[in-house]
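Think of it as A, B, C and D in the order they're written, each chain with its own count starting at 1.
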Amino acid sequence: MIKIKVENLIHKYPDGTQALNGVNIDVVEGEFLAILGANGSGKTTLLKHFNGLLKPASGSVVLDNKELNKSKPGDIFRKVGMVFQDPNDQLIAPTVEEDVAFGPTNLNLSYDEIVSRVNNALELVKMKEFAKKAIHALSYGQSKRICIAGILAMKPEILILDEPTSGLDPEGVKIVMKILNELNKKHGITIILATNSVDLVPVLADRVAIMDKGIIVQEGTPEDVFTDSRKLEGLMLELPQIAQLMEVLRDKEKFPINSLSLTIGQARQDLSQLIRLEDNAFVSPEIS
Amino acid sequence: MIKIKVENLIHKYPDGTQALNGVNIDVVEGEFLAILGANGSGKTTLLKHFNGLLKPASGSVVLDNKELNKSKPGDIFRKVGMVFQDPNDQLIAPTVEEDVAFGPTNLNLSYDEIVSRVNNALELVKMKEFAKKAIHALSYGQSKRICIAGILAMKPEILILDEPTSGLDPEGVKIVMKILNELNKKHGITIILATNSVDLVPVLADRVAIMDKGIIVQEGTPEDVFTDSRKLEGLMLELPQIAQLMEVLRDKEKFPINSLSLTIGQARQDLSQLIRLEDNAFVSPEIS
Amino acid sequence: MEILKHVVMDHFAHRNNWLTDIEVRVKLFYIGIALILNILSHDIIIPLVFFVTSLILLMSIKVSFVNLGLRMIMPLFFGVFIMLIMGLHKGETTVLSGSLLGYKLVLKKEGLLIGLLLFTKVAGGVMLLLLLSFTTTISKICMAARWMKIPETLIEVMSFVYRYLFLLIEETETMMSSQRSRLGYVTWFKTIKSFGNLGGVLIIRSIIRAESAHTAMISRGYDGGRVLSIRLTPLVKNDYAILLSCGMLLATLFYLEMICF
Amino acid sequence: MFKMKRSILFSLILISIIMIPDFAFGMHITEGILPAKWAIFWFILVMPFVVIGTLKLKKKKIEVPGFLPLVGLVGAAVFVFSCFPIPVVGLNGMATAHPAGTGMSAMLLGPFVSVVIAGIALFIQALFLAHGGLTTLGVNIFSMGVLGSFSGYFAFRLAQRIGMKLFWCGFAAGVVSDIFTYMGTSIGLGLLVFEGGEPFPIAIMDSAKAMLEIFVVFMTTSQGPLCVAEGIVVGFAISYVYKVRPGILHNLKVVKVQ
């Protein structure tokens, strides 16, 4: 089922910058969509249209068969939660607990419901013991997790994240990606994520859309999208490291590889198969 | 020749956090040193001791055989330039030109000298045509480059950078790394760089120091340091993607690999050699 | 906030055209004298002349009517307001009268005429200001201010305000979006409270930023000296020529007004 | 005929009242309105405040390293604060109005420095937003800078002296500085009616009546409720800072260390 339908979306900033030049994309319920693009390609601008924070100059965004322009902001925000790039822009209450409770309180829930939602959300991001801590005493990675918790506590159907892992150390990246994966696969939340780093996308996303100069230039599964490094380089992007290696092996060293593996697991399989193939050849030279 | 000598450095923040717990490290003239560590491991704190922005609680930092505590700040800043993590914290003048000129002006140079230095620095980072532009109209990657230009215009002997590539797209990362490489190899500037992303370090650094909880736990060439993924994971870090793949191939698939390659080029060599080895085996089975 | 961003942008001043190329001191001289003539004038001709000429100059560098209109609206409302006040308080000849909630109001002709003069002065003066702001960047004005021996400290504070204004606006907007996306603006009291939090965050952030800006300044050799460094180029022949012609034009205008009206 | 005239008058006044919130952005007197003598008068009046403020800044800049960027950044923050679109209900219905913000800066940096900041903010607004103007800079600095800062500062200190909670101290600063700012603007506008030709007492009475009327119009339209709203916002803001980073308020000597 199509959850969000974006048609011919154009956006102009007040100073005349046309940041979106006609974007078309459908988001399917329950999918994990990654939007990939260089600095300034329009990712953030597009995301802000998904929950009506920005208004289209022309074109339309349809959420659950209802045009966003015609929905009440409250209804949209109830369905769509957004995590911004900089956690400092998002955390505004003095303590962790209060911040996570900020959203649910505004939903006019009962006190018990609020408390249970806050607890559950903190549980999910593994930050329960930090409930009473002051926001400014958190590390960067921790504040990022609280941002996610704050949105989760509102129980959105769709979760939008703008570069959720920039500035995090590898461990932090892993944790955030694990949380997202769980939310998507276990809880069925639709996830849309914008990023300009290629290495974490293939691991998780069901589908990748590549943006450039305000339009979506390519769309498909990670395997489809990451086939050609030259094309990506034209968009200021690159293949994931592993895929780069595989491409070099295929093109320069003439390894017989069909599709480029994107993850370490896949590459391991491919390469070990190759070597084993050769082993076979070694065992029975007559056949070849 | 040893340029900076850090001995038993301990730092306490006013709120009691002991961010450095006895750091020992030597920086050799003309080298490219990468300091790698998880969020909160003390990288920024250490960097700020290299130019005297922070004062040690105990221990000493010696620059060119002179204790930093006993040098005049002006002399230190002439030698050591620092690029901060957030460009918005570093760019203080309203336009690009004025900002780059800020440092040279404080060196009391002649007007002509200032102008020529500003021009050269902007040339180096390829931002000459932006000279008159307002700082707030720059994109993130552009402002990062102006930060570097502002420091280059002071012609420091040592360049210190705090996460110079976070938030940049792959193209931006490449450009910044190319600039740094040129400065280091061509102009002989000593470079110290802090980061928590592992993939760009091996390409450039001569030496890597890994920090954890305020001390340096490991030190050596990239090849030395990146040998064991479990050790790194304990420090919230990981091997570069390529090295991870090679490790899996070595340990799980029993490929006969001696040292883990870190870059795509090395891995390509290693793997193609492997296959060729097998080919040899295939061509002359009698010999083996 | 939207409208503010719309208007506070100074990208017009960053463009290259013949008006932005004129020496900033020449422009300031012209605008300054013109503003003085504008408020000294006793009839609506001079303000209208300023209004029209500035408008034409602005059109010559392709400033759109929308941009001008947006900035003119509020001052012009103000002009109407002033016209009403003058009409209600000055002169004898009654034009209209009535009472509002038992309060007697009489609009008078002479007052309205004075009001009309003020209205045109507003239009002329604001257009002159716009002529300056659409063609001159703040940093150029800072340079000119230094030349005019305005205390360095003031110029430095202004350059800081200008430098960080856009950054803070942007951050505030993001914070507002995030509050909004968590329903921080659903009732009046919540709105007010959200604004309060926002104001608090803004103060904290600006102070933290000030600290790191200062650190950065120190590490770039700052020891209490100057912040701004670029100098003004000396005035050249061309500048004097424009200066002279501007001066003569304005003098003629002034003279005409003295003898003709 | 007479009825028609009356209805024209009514609609004129109603329209202008409804329009007020739109131009009342910080409520600065627009370029071109003041005759030269008043412009000069106001410039001379505010000059000492600006000079003292500048001297204080200069002295502090040398004494306290980092004071300059602090003033610049807090100035920028107050500027942004004064752009918050606060929804209020007045005689003219629901509207969004903008706080003055001087209460905030006076509280944080003291009244004299706050005058300087207000002056710079007014200068930038005059240029970029065409709010206020250059020849009217004097009167605007008087109403927003001098009256707004000093009244806000003293209200805050007084409230603190009598032991009110921090929220209410901030509230007092916000409300009082806002009211005084509008008072200043009303005085500036009302004096326009002042005529040298008439006998002094009559002229004064006339201007006073005009001032009062203008002030009443401000207070009954959205600007009145805005004073209260600004007070609440400033109160929340200052108590937020105190809750999250009390150190900041201690360092700026806004509140004493317990």
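One rule holds for everything that comes next: a residue touches a chain if its C-beta (ideal position, glycine included) is under 8 Å from a C-beta of that chain, and two chains touch if they have at least 3 such contacts.
The structure presented is a predicted model; accordingly, all values stated were derived computationally and were not measured.
Chains C-D form the pair with the most C-beta pairs in contact.
As a whole-number value, the distance joining the C-alpha centres of subunit A and subunit B reads 28 Å. Subunit A and subunit D have CA centres that are 46 Å apart.
Between the CA-based centres of subunit C and subunit D the separation comes to 17 Å, rounded to the whole angstrom.
Centre-to-centre separation between subunit B and subunit D, using Cα means, comes to 49 Å.
Within subunit A, no positions touching two or more other chains are listed. Annotation for subunit D: residues touching 2 or more other chains are 69, 240, 244-245. Across the assembly, subunit C contributes residues 10-11, 138, 159-160, 162-163, 165, 197-198, 201, 205, 209, 213, 217-218, 227 that each touch 2 or more other chains.
Interchain contacts (touch definition given at top) occur between A-B, A-C, A-D, B-C, C-D.
Against subunit A, in their complex, subunit C makes its touches with residues 2, 5-6, 9, 11, 171, 174-175, 177-184, 186, 190, 194, 197-198, 201, 205. Subunit B makes touch with subunit C in their complex at residues 51, 53, 73-74, 77-78, 81-82, 84, 86, 88-95, 97-98, 101-107, 111, 114, 132-137, 150-151, 154. Taken together, the subunit C residues at the contact with subunit D in this complex read 1, 4, 7-8, 10, 32, 35-36, 38-40, 47, 71-75, 77-82, 84-86, 88-90, 96-98, 100, 105, 107, 118, 121-126, 128-130, 132-133, 138, 141, 151, 153-154, 156-165, 168-169, 172, 188, 191-193, 195-207, 209-211, 213-214, 217-218, 224, 227.
Chain contact summary for the complex, subunit B toward subunit A: residues 37-40, 139-141, 163, 166-172, 196-199, 233, 236-238, 240-242, 244-245, 248-249, 252-253, 255, 264, 267-268, 271-272, 274-275, 278-279, 281-282, 285. By the touch criterion given at the top, residues 10-11, 14, 137-139, 142, 159-160, 162-163, 165-167, 209, 212-213, 215-223, 225-231 of subunit C touch subunit B in their complex.
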